[in-house]
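Here's a structure for you.
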Amino acid sequence: MSYLIGLMLIVIAFLWQVTLEGFQRKVTAKVQRRVGPRWYQTFMDIFKAFSKSSISHGFIYDFGAMMTLGGTMATVVFLPFSGIVAFNGLDNFFVIIYLLAVGSLGMAMSAVGSGNPWASIGVMRALTQMVGYEVPFMIVVFGMIFGYGTSSISALVEVQAGGFLNWHLLRMPLGAIVGFISLMGMLAKKPYDTPIAPAEIASGPLVEYGGKHLGMLMLQHEFAVFIEVGLFVNLFLGGGGIVAYLIKYAAVYLFATIISAVLGRFKIEQVVYHFYKVPLALSLIQAAVVIFTGLGVEIWL
Amino acid sequence: MINPVLLIAIPLLAAFISVFIQKLSWVLLFGVSIFTAISGFFLQKGMFMIGGWKPPFGINLMIDDYSFIIIIVINLLFFLTLLSGMWELKKNKTILMVILAGINGLVMTGDLFNLFVFLEIITISGYILAASSDKYYSVFKYLVLGTLGSSLYLFGIMVLYGTLGTLNMADISQQFPNVSGSVKIISLTFVFAGLGVEAKLLPFNAWVKGIYGNTTPLTGPLFSTVFATGAIAVFGRIFGQILVPDSTLIFAFIALGLITFIFAETSAMASKKLRELLTFSSIGQAGLIITMFMIGGFYAALIQLINNAFAKTILFSYATKAYKSNGDDTINNMSGLFRKNVMMGFGFTVATLSLIGLPLFFGFYAKINMLQSAFALNMWIPALIILGSIIEGIYYIRLLVKLWNPGEEGQESSELAQSQFVIKNGFSLSLIAVLIGIIFVVSGIIPDFLTENIAKAADSLSDAATYLSTVLGGI
Amino acid sequence: MSQYLYIALMFVGIYGLLSQKNILKMIISLNIMELGLNLFIISTGYIKEAKAPIILFGNEGNYVDPLPQAIVLTAIVIGLGVTAVALMLARNIYKTYGTYEIDEIRGENDD
Amino acid sequence: MTINSLIAQGMISSLLVYLLTKLNKKLGAFLTVLFSGYLLFVIFGFQNSAGEVFSLIHFGEFELTFMTSHYAWYFAIVLTLTYFLVSFFNPYWMKKMVNPAAYNMLFMVSMVGTVGVFYAKDFLTLFIFYEIVVWSSLFIIPMGKSRKTPVIYYTISSIGSFAMLYAIFYLYHSVGSFDIQAVSEAMSQAPNTYRFVFFTMIVAGLTKLGIFPFHTWLPAAHGSAPHTFSPVLSGGLVKVGGFIALITATVIPSFKILAGDLQLMGVPFENYLIMLLGAVSIVVGTLMAIKQEDAKKLIAYSTVSNSGYIIIGLMLNDQVGFAGGMMHVFNHAMASGAMFLSFAAIAYRTGTTKMSELGGLIKRMPLTFAAYLIAIISLAGIPPMSGFASKWLIFQGLASNGMMFIALAAFFGSIGSFLYVFRPLSAAFLGQLSPKHKDVKEVPWMMQIPLIIMSFLTIFYGIFPGRILAYISKIQESVGLKGVEIEGTKIIAATGMWDSLVITLVFGGGFMLAAILFFISPKAKPVDQMNTYTSGEFIYDPDHYHYAKNYYATFENNYGNKKRVELFFDAVALRVKEFGEMVKTMFFAKSVSFSIFWIMLFFTLVYFWGDKV
C-alpha cells in the first residue's frame, strides 16, 4: 500500500511541478516583457527529449543518470504531501536531505563521467554551492527538531496546525528567511544559478546531455524542485490540505521565480561567502533563540 | 668466594707486569678483564679491612648488595668495551688495567678519602686515554674541570673531617645527621659539586661534549658506560646513604638533576652528529638517574642505570665505529646504514627503544618504576620526567628512522639512496649488539630475569643500619 | 683563622681559572688552587702548640693530627701527576695549534 | 583458545614471519594473511564472552591480565577485520618494499598489539600494548615516502601516550590499582581526581584519533606511509584512540561521576569541551581535505573529520549518539579502508596517487571504482550505505540535546564530505583517461577480495544496520547506558526513526523506474571519450582536457592556505632546538671559564639560600 501511495506521489509531483514549471517560465517572460512559451511547454520538452536519439559516454554516464532520477524519485516518496505520508514515521528530515544527495551524487558522477571539463566545473560549483545553502538550512531545522523533539516532517507540520499564526514563518521569522534564501540556492535560481550558468560554462553539468539522458535530468530537476519547495512549505508554511498545500507551493515557487527574474548571478566564491555571512548568522541566532529561550516553540501567543 | 681486594690488586699487578712485557700485555688485559667479570659474580660479601686496621680507623672495602651488583655490571661493561674497542687498544693496555683497578676500588671502598684517590686514578688515566683522540684542548678542559671537581670534593670531605674527625663512610653516615647546618651545607654542596663533575651534572659538565663527542671505539663505551656507571653509582652511594641531604637542599639537588635531564635532552635534539647526540643523551640520563637517587627511588635508579649503561655500550660502540670507519658521523649522511648490518641495527634499535622506555624492552620496566617512585614524592617530578622522555624519544626515533630507511624525502624508501658508509671490524660489535638486544627483550618481558638482585641492592642502599652494623660492628 | 686565608688562596686559584685564557697560566692557577687546598687540609689537623706526630722520644704532650698530613702527601702526589699530564697536554696543544692562547685554538668544539 | 595464548602465538609467529620473509618474500606475506585470518577467526569466537579473565605474565611486581568484554570484542573485531582485509595486499607489495621482512613482522606485531589493547583488564596492560602498537606501526611508515613523518607521528603520539601514562600512575598513586574496574569504582567517590585524569588520559585518545589540535600527524603519516599500511593506520589504528576515549569517558562512567559538575547541553562540561574539539576537527579536516592534491592526504584529512564524529558520538554517552559514534567506528574503518585500498590498487598499477596525474580509470579498473564509490557513499553518509546509519544516530543525539554549535560542525562536515570524496572519484576514476595509463589493468584477484568484502559489508550493514546496533546496544547496557532501540530493521530514536530496508527498497524501486524509462527510450550511441563539446576547438591531448588540478580553487579562496597548527608545532620544535643550542653555548662553551662561572654561581646561590637549611 505504502509503495502505491509513493508511486502516486511521484505522479502527482510530476504533473504538478511540470505544469508549474510552464507557468514559471511564463511569469519570468512577463517580468522580462517577453511573450514566453505555453504553459505545457515543459511537458513537450521532456517528451521530446525522451523520443530523440542520443549519445552515451560510457557506463557511468548512463548509470549516473538512472541513479539521479531513481534517487530523487525515492526522495519524493518520503516527503509528506499535504498530510499524505507514504511510510509513516520515516519522513525524517535527515533522511530526506541525504536521500536527495543520492540524486546529486548520481548527476555529478554522470556529468563528470562524460569527460567534459565544463561538466566537472559545473559539478564543482554545484557541490560548493551545496555547502553554502545546506548548512544554514539544517541549523534552522535543527532548532525546530530540538524544540519539538522530533525530526519527522509530518510531526513538524502538525505542530503548526490551527491558523497561519502558528506557522513557522511567523514563529521563527529569521529561520523562514534563511529557509527561503536556502531554497533559492537549492533551486539554483538566480542569483544562485552559478552551477549551470549557461553563458559561462556551457550549462555546466548538462553540457554533454541530449536525448533521453537530458530528459531524465530534466525530470530529476522537476522532482528535486518538488521536494525542495515542498520542504519549505511543510516546514515553514504548515503544509495544509491538498488545495492549501498546492496554493502555498505555487506561491512560494512563483515568488522565488519573480525574485530571480530580476537578479544577476553570483560568482561561486561569492555564493559561499554570502551564505556564510548572513543566512548562517541568522540561522544560528534563530537556533539559539529556539534552544535557549524556547521563543517560537513553548512561548507563543 | 673471591676476596674483593683481588679485584683491585690483580689488575694493578697485571698493569705493573705489562710494562715489562709489552707484547703479551693484551693477554694480560683480557685475562684480567675476564677474571674480574667472572669473579664479580662470586664476590664475597661483607666488610674487608685493609692492613688490619679496624674501621673507622683503617680503610675498608665494603661489599654489600649494592656494590656487588655495581661491580658485576661495571666489570661486564668493561669486558664488552674491550671487545668493542679491541682494535683500538694500542699502547693503552696498561692504563686500561689501572682503570679497571681504580673503578673497582671506587665502587667498593668504604672510605671517603680512598674514594678520592681512586677517583683521581681513573680520571688521570681518563685524561691520558682521552688524549688519544688528538683533541688536546678538550682533554685539557676535562683536566681542569676534573681537577677542580676533585679538589672541591676533597675540600668537602676535609670540612667533614674537621668536624667529625673521621672519613669512614659508615662512621660519617652515623654522625652526619647531628652536625650543624652550616657544615652540612658546605660539605654537601662541595661534595655534590665535586662528584657532579664526574657524574656529568649540568653546570659542572662542560668537559663532556669535547670528550664524549670525540671518542674512539675504545674510549666511547669506556667513558659513557664504565666511567659513568661508576661515577653515578658512587653518587648514589654517597647521597643515598652516607650524606643524606635535608629536605631543602635536596630540593636544589633534585632541581639540578631534572634541569640536567631536560636541558641535555633538548641539546641532544639540536645535535646533528651521532656522537654529540649520544653525549647529550648520556648527560640527560645521568641527570635522570641522579634525580631518582635523590628522591629515594633507588630501585628505579639502579634499573635505569643498568639499562642506560648497557644501551649506551651499543650506541657508543656503533657511533664511534661509524666515525672510525668513515671519518664522519653526521646523521644525515648515515641514512640506511643499518641495512648493511642488520644485527647491529637490531641491537642499536632495541637499545634505543629500551632507553626511551618503550614496552617490550627493559627500559619500560625502569620507566614505570621511576614514575612510581616519583609519584610518591609529588606530581611535578613525574611530569618533568615524562616531558624529558618525550623529547628523548623524538630524537632517538628520528635517528632510528633515518638509519633504517634510506631514501629521499617524498620518494619511496629504496636501497638506491643508501649511505656510502661502511662499518669496519664490526663482528664483535654485532655479537655484543645481538646479545644485549636479546637480553633487553627477554628482561623487558620478564623483568624478574634481571631485577631480583637489583631489588636487594636497592634495599641495601636504603637500609643504612645494616651497612653500619656490617662495617662498625663486624669483625 | 688562617684557614680562611687558605680558602681564599684556593679561590684565587679558581679566579685564575675563571679569568685566564692562557693554558700555562691556567695550569699555574690550578696549582695555586691545589696549594690552597693542601694548606687547608693541613690546617684541619693542626692543634696549637702540639708537636709533630712522630714518636721518637716517648709520647708526652699533644700531637697534631697525622691523618691530614698523610692525606696532603697523597694529594700532593696526585697534584703532581695532574700537573704532569696537564703540561703534556699543553705541549701537545702547542704542537698542534702553535699557541697557548685558548682563543686562538681552532678546530675543536667549534661546530 | 584464550586471549593470552593468542597474544603469545601472535608475538612468536611475528618472529616466524620475519624469518620466513627473509627466506622467501611472498611466503612471509601469505603467512600474514593466514595469521590475521586466524586471529579474526579466534576473536570472532569471543563474541558473547564477557568478564572472562586471562592472566598474561607477571611483570615485575605487577600482573598483566586480560578480560573479555563486549566493547573489547567490537573494537577487536573491527581492527582484526581491517588488518585481515588489508593483508591481502601484502604479497603484491613485497617487491616494492625496502624491508619486507620487517614490514611483515611489524604488521603482525601491531595487529596483535591492538588486540592486547582492547582486551586489557588493567591500565598497565593497556598502555603496554598501546605503546607496542605505536612503535610497531611507527617503523612501517618510513618505508613509504617520508622519513620525517614518522617522527611527527611519534611526537604527537607520545604526547598522548605519556599523558596517559602520567594519568595511569596518578591513578595508581591515588587508587592503588591499575585495574580498570577498580579504578572505575574508586573514581565515583573522587570526582576531582577523575576530572584531572579525564583530561590527561583522553589526550591519548585525541592524539590517536587525530582530533584537533593533534591532527597534524594524520595526513602526514597516513599520506606518506606505504600504500598497504595507510588503510590500517586510517581504518584501524585510529580507532585505538576511540577505544581510549571510550575507556576514559564511558567505561569509567563520566556521565555518572561528573553528574554534579556544570552540565552543558545535557553533558558534563568536560565531555562538552572534548566534543568541541571534535567539532573543530570536523571543520578543519573537511576544509583541509577539500584542497589536497594527493588522494592519500585527502583521505587522511577525511579521517580527521570522521574521528571528530566518533569522538562526538562517544562523548554524548547517551542512548542514540553513543551508538552512532560506536557504529561510526566500524563504518569508517570499512569506508576509509576501502578508499585507501582502492588508491593502493591504483598506485600498484600506475605508481602514483596524485589525482591530477590520473583520470578515467573507471574503464580500466571498474571493480576498484565500484569499491571506491561504495566507500565514499558510506563516508558521505548517504542512505543506502552503512555510513548514514551512524551519522543519522549522531545527528539525532545532537538534536535531542540541542548542541547547535557541534551540530553546525557536524552538518558542515557532512555536506563538505560530498566535496572531498567526490574529487578523487572525479579526478582519478572519471574524466579523461591519460595515454600514460592506456595499458593499465584491473588489480590481481587477490587484491580484489578485500575490496569486494569491504563493499559488501558496507552495503549489508547499510541495509541492516540493526545487526550492528543490536550488539552496540549490548555494549551500552554493559557500561550502564540505555541500549539503542531497534525493531526489526527500524531504528528508533527519541526524535524520530528510520528504516533502512524500506529506504533501500524505495530507492531500488526508484532506480528500477528510472532504468525502465531509460531502456524503453531509444538506444544511445556510444561515442569516444574525446568526442565531446569543445566549443568548436580541436582538442587532442586528454591530459589537458582533464579537469583535476585545483578542483575547488574558488572555494579554497574563501579560507586561504594557512596551516596554523602545523606552523605552531614547527615553531615549538624550533624553539626547543634553539633552546638546546642555547644550552650548548651556555653550558658547553669552548672556554673553561663558563663552566667555572656556573659552578661558582651554584655555590653562591646555595649559600645565599643556605640559611634556610
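When the chains are written out, they are named A, B, C and D in that same order, and each has its own residue count from 1.
As a convention for this text, a contact is a pair of C-beta atoms (placed from the backbone, for glycine too) under 8 Å apart; a residue touches a chain by one contact, two chains touch by 3 or more.
Here the structure is a predicted model, which means the values were calculated and not measured.
Distance from the centre of subunit A peaks at C, each centre being the average of the chain's Cα atoms. Centre-to-centre spacing of subunit B and subunit C amounts to 28 Å, using the average Cα coordinate of each chain. Mean C-alpha positions place subunit A and subunit D at a centre distance of 35 Å.
Chain centres here are Cα averages; for subunit C and subunit D they lie 66 Å apart. Between the CA-based centres of subunit A and subunit B the separation comes to 76 Å, rounded to the whole angstrom. For subunit C, the set of residues that touch two or more other chains comprises 14, 17, 26, 102, 105, 108-109. Annotation for subunit A: no residues touch two or more other chains. Contact with two or more other chains is made by residues 588, 592, 596 of subunit D. Here, these are the chain pairs in contact: A-D, B-C, B-D, C-D.
Looking at the complex, you find that subunit D touches subunit C at residues 588, 590-593, 596-597, 600. Residues 57-60, 62, 96, 98-99, 102, 124, 127-129, 131-132, 134-135, 138-139, 142-148, 150-151, 154-155, 158-159, 162-163, 165-166, 169-170, 172-173, 226, 576-581, 583-584, 587-589, 592, 594-596, 598-599, 601-603, 605-607, 609-613 of subunit D are the ones touching subunit B in the complex. Those residues of subunit D lying in contact with subunit A across their complex are 360, 362-363, 366, 369, 373, 377, 380-384, 388, 391-392, 395-396, 398-402, 404, 407-408, 411-412, 415-416, 418-419, 422, 425-426, 430-432, 494-499, 502-503, 505-515, 517-518, 521-527, 529-533, 535, 545-547, 551-552, 554-555, 557-558.
Every residue of subunit A that touches subunit D in the complex is listed here, in rising order: 2-3, 6, 10, 50-60, 62, 65-74, 77-78, 87, 89-90, 92-95, 98-99, 101-102, 104-105, 108-109, 112-118, 120-121, 123-125, 127-128, 130-131, 134-135, 138-139, 142-143, 145-146, 149-152, 202, 207-208, 211-213, 215-216, 219, 267-269, 272-273, 276, 284, 287-288, 291. By the touch criterion given at the top, residues 10, 14, 17, 23, 26, 30, 33-34, 37, 40-41, 44, 67-68, 71, 74-75, 78-79, 81-82, 85-86, 88-90, 92-93, 96-97, 102, 105, 108-109, 111 of subunit C touch subunit B in their complex.
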